[in-house]
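Should a chain be cited, it is by its letter among A, B, C and D, assigned in written order, with residues numbered from 1 in that chain.
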Amino acid sequence: MMLFDDYLLLTLVIVTALGAVFVRDLFSGVLTLAAYSFFLALLWAGLGAVDVAFTEAVVGAGLSTLFFLVALFLTSHQEEVRKQFKVQMMALGSLGILGFLLLFGSVDLPVVGDPESLPSKHVSSHYLKKSLEETDTPNVVTAVLADYRGFDTLGETTVIFTAGIACWMLLRRRDDSAT
Amino acid sequence: MADIVLYRPHFVAFIILFLLGIYIMVVSLNLVKKLIGMYLMQTSIILFFITLAVKKDSTIPIILSSATAVTPEAYANPLPHVLMLTAIVVGVSTLGVSLAMVIALYRQYNTLEEDQILGKMK
Amino acid sequence: MTSSLPGFLFAIPFFAAVVIPVVGFTNQKFCRPIALGTLVSLSIVSVMGLSEVVSHGPLSHEFGGWAPPIGIEWVVDGLSGLLMVAISIVSLISLVHAGPLVEKELPGRVIPFYSLSLLLVAALGGMVLTGDLFNLFVFLEIGSLASYVLVGVAGGRSLHSAFCYLILGTIGASLYLLGVGYFYAETGTLNMADLAQRLPEVIDSRAVLTGLLFIVLGLAIKMGLFPLHGWLPDAYTYAPNSCTPLLASVVTKVPLYAFVRIAFWVFGMTTVSTQIPILVVLGWVGAVAAIAGAYLAIWQESFKRMLAYSSVSSMGLFMLAFSLGTETGFAGGLFYVLADTLMKATLFGVAGAAFYQCGASTVTDLVRLRQNMPWVSAALLISALSMVGIPPTAGFFGKWHLVVGALEAEKYFAVAAILVSSMLTALYFFRMFQRVWAEPLPLVEAHVLETPFPIKMSLGVLTFGLIALGLGSDLVMGLIFESAIPKGF
Amino acid sequence: MIRPHDSVIVHTLARVFIPIIQLFALYVLIHGHDSPGGGFQAGTLFAASFILPVIAFGIQGSLTVLERRAIILGGIGILLFAGIGLIPLLLGEEFLNYGELPIPGMEASARRHLGILGIEIGVTIAVAATAVSIYYSLRERGEGEGN
């Protein structure tokens, strides 16, 4: 499980994330973010989550980078970095507490990859055992996504529909919507 | 504390990305840089969920033939994958709406820096 | 008892919200009738649902035909049925009130306004009725996206406050999702009822404790609890007047409901107050929030900003009421939530009408209200009296039950906090009374057009509702005691 | 705004890639059952294949009218999804219960298979149209609109 590629991919993900954040020019920051999404997609494919990797590569890296680039085309590329010492200290302090809370809570979490952990036994064993005979779909993730928890997917499509209406309401010119 | 780093490297990566994302969202004055931080925070939570779904030496959750009885230990846990498909799309939708706001703000105040916007609003 | 009623409770607002843009492109006049017709039928179905719950017990609906831990389940019980009725009625009145305001404020954006409002109502209904933690996150996101945009659509300052609301709201929603992830890691299930059974074995693990802390933090940001309320005053002050009655009266109360559902139904009363003493901490936070919110409201010059800070103060009162730990305290808190929904809808409706009629936005130019808008000033008078807590109105009975519950629980700091915050509320509302009624009339006779009928009717219905809720308070309290109290009291 | 790209390479490559992207999107949609893929991935690929010509060849008149109405297609996609879910509810069963879809001569699991394919198509239409609509709104610089 702890093969070499996991450590490599994790470091690549963190390095590109730091790059995307601390570079001054927004244009290269966004493109580093696209690289970050691709390495993340590779990492998830390695962890066995192929559907999520596919979606992250297409929706996460493709669509978000497209939206970022369109926004940057219409606004400015440069970011004037100014030090604001007080806010940084306050943020570092509160994030230190949040980080300690995360570490404090992580001790009892199941070890990565142990098949005896409760999430892998309780509900998901039913999905794995029964999904082929109940829904005729080999891909269990599609079966769970569309059938067992199909209502979540309906909510998810509504989320992207709400975003579509929202962008129409915020940006469209006054004349074209008065049809 | 040492075993966390050794046995759960993914979890350490999640903590780093999550805190980095929130730090940038709070501290940076540039609106687009805040959204880059938001994107990092949302994808780090997806990393946390996917590490819950991993099983030692298991394949992807696609069951081709129902002839042999299916042993759940041989396949990764499909439920977090489904949840994270939703989280990715939610992240992209929130990003779309926030970029629409950034463009509308730029159209009005001609800057992406929050302090200049506050200055012009007064 | 499985029934298809919750399915219709979701389908009615959802289908209307999706059909409106499709139909609206052909003819813009259809949007308002579809929206109002949908909300009327939603109110009727939710009242039918509540009466069925009272007579036959909770109704459940398994989506996709799968039993709960496998599929997603919706449950309508006393608490969620009551809130669903409140949401549907108040959103109906807010949309009736918003009719003329939308024509004036957002001329080119009538279709998306009605579509987003119905999506917001469907999302709030979804959050109230769902029995699945991740389903609640999905509807939380839909509702949040709709309310970010409804706040920011007036452009200029409201855009910046909407952007801050979006950033803080996304942090809150992500913290909630993280908390759900910790629960899933420990118990392997997402269904609330199933989680409640599986929690006692893992209750002392640190992951569950941090999961609960993250969920409380995330929902506290969403509901605008005092230390994390930064987005609320700007958002409600600069939001367009057609959207504030709906936003201010219901949107912050649904995350509070989600916290109550998780704390009392999933964790149970005893674990939340003794093993993980989160209720005690939240009691103190609520007390501080009630006093601080009321104190900050005194110094505000803009009327809507004063109301925003009074919303922060009443959110503190709700958290205080639910953390008292006695049945009357819980029931009093729930009754005060219903009363506050009506009060905030009326007050923000009056603010919107005042701005629409004569451009009055600060407390001092509310005096024009008295001069040429008798209906609206009557609504302002009654809702302000109800906020202060004068007998015939619902506000008095709400605060009365809160004080009785606090005394029963022997939590004297809570009693002190309720009384001090009520006095501060009385202070800034009497200051407003003095400005509006005691000041001499301004000499110049401003030409003011007659208040349009939808605004007069909606403010009238809300004011009548306030008094009816006050007089019928024992009926509502009886309903709450009978079907909305969690086990373990 | 975004002028058509002037280099020939982009034009020819775009002309080559657009049909391939659409074919791949159809493959992803149809094979969502037994290989990774499904509604969202296929919808986003379709959106990419609609946005690429606008970037490469600039904005033609007809395309702008289509893009302005894209949100309606999104609504129709969601109505297809929710409509398939509503039929069982109207028959007295649960919402989204594909086993009860009134398709004669099929047992429940085959009906569910069809129901899943149906909603994947609905999701693909919704996501493709809404992504194009969001792209159009973001790119649309209303001159002097300054709300």
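Convention: a residue touches a chain if its C-beta (ideal position, glycine included) is under 8 Å from a C-beta of that chain, and two chains touch if they have at least 3 such contacts.
Model, not experiment: these values are computed from the prediction.
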Pair joined by the larger number of C-beta contacts - A-C, B-D: A-C
Relative to chain C, chain with the most remote C-alpha centre: D
Centre-to-centre distance between chain C and chain A (centres being mean Cα positions), rounded to whole Å: 30
Inter-chain centre distance, chain B versus chain D - centres from mean C-alpha coordinates, in Å: 24
Distance from the mean Cα position of chain D to that of chain A, given in whole angstrom: 21
Whole-Å gap separating chain B and chain C, where each centre is the average of the chain's CA atoms: 29
For chain D, residues contacting two or more additional chains: 34-36, 40, 71, 75, 78, 82, 95-96, 98, 127, 134, 137-138, 141-142, 145-147
Residues of chain C whose C-beta touches two or more other chains: 14, 18, 21, 25, 63-64, 134, 138, 141, 145, 148-149, 152-153, 155-156, 184-185, 190
Contacts with 2+ other chains: residues of chain B: 18, 22, 52, 60, 62, 64, 79-80, 83, 85-86, 89-90, 93-94, 96-97, 99-104, 108
Chain C residues touching chain A - in the complex, by the definition given at the top: 14, 18, 21, 25, 28, 63-64, 66, 69-72, 107-109, 111-113, 115-116, 119, 122, 126, 134-135, 138-139, 141-142, 145-146, 148-149, 152-153, 182, 184-190, 198, 205-207, 209-211, 213-214
Chain D residues within the chain B interface of the complex: 34-36, 40, 127, 134, 137-138, 141-142, 145-147
Residues of chain A that touch chain D when the two form their complex: 50-51, 53-55, 58-59, 62-63, 66-67, 70-71, 73-74, 133-139, 141-143, 145-147, 150-151, 153-154, 156-158, 160-161, 163-165, 167-168, 170-174, 176
Residue numbers on chain A that touch chain C, as the complex places them: 101-102, 104-110, 117-124, 126-127, 147-152, 155-156, 158-159, 161-163, 165-166, 168-170, 172-175, 177-179
For the chain A and chain B complex, residues of the former touching the latter: 1-2, 6-7, 10, 13-14, 17-18, 20-21, 26, 29-30, 33, 36-37, 40, 43-44, 47-52, 55-56, 59-60, 63-64, 67-68, 70-72, 74-76, 79-80, 82, 84, 87-88, 91-92, 95, 98-99, 102-103, 106-107, 109-115, 117, 119-121, 123-125, 127-129, 131-133, 138-141, 144-145, 149, 152-153, 155-156, 159-160, 162-163, 166-167, 170-171
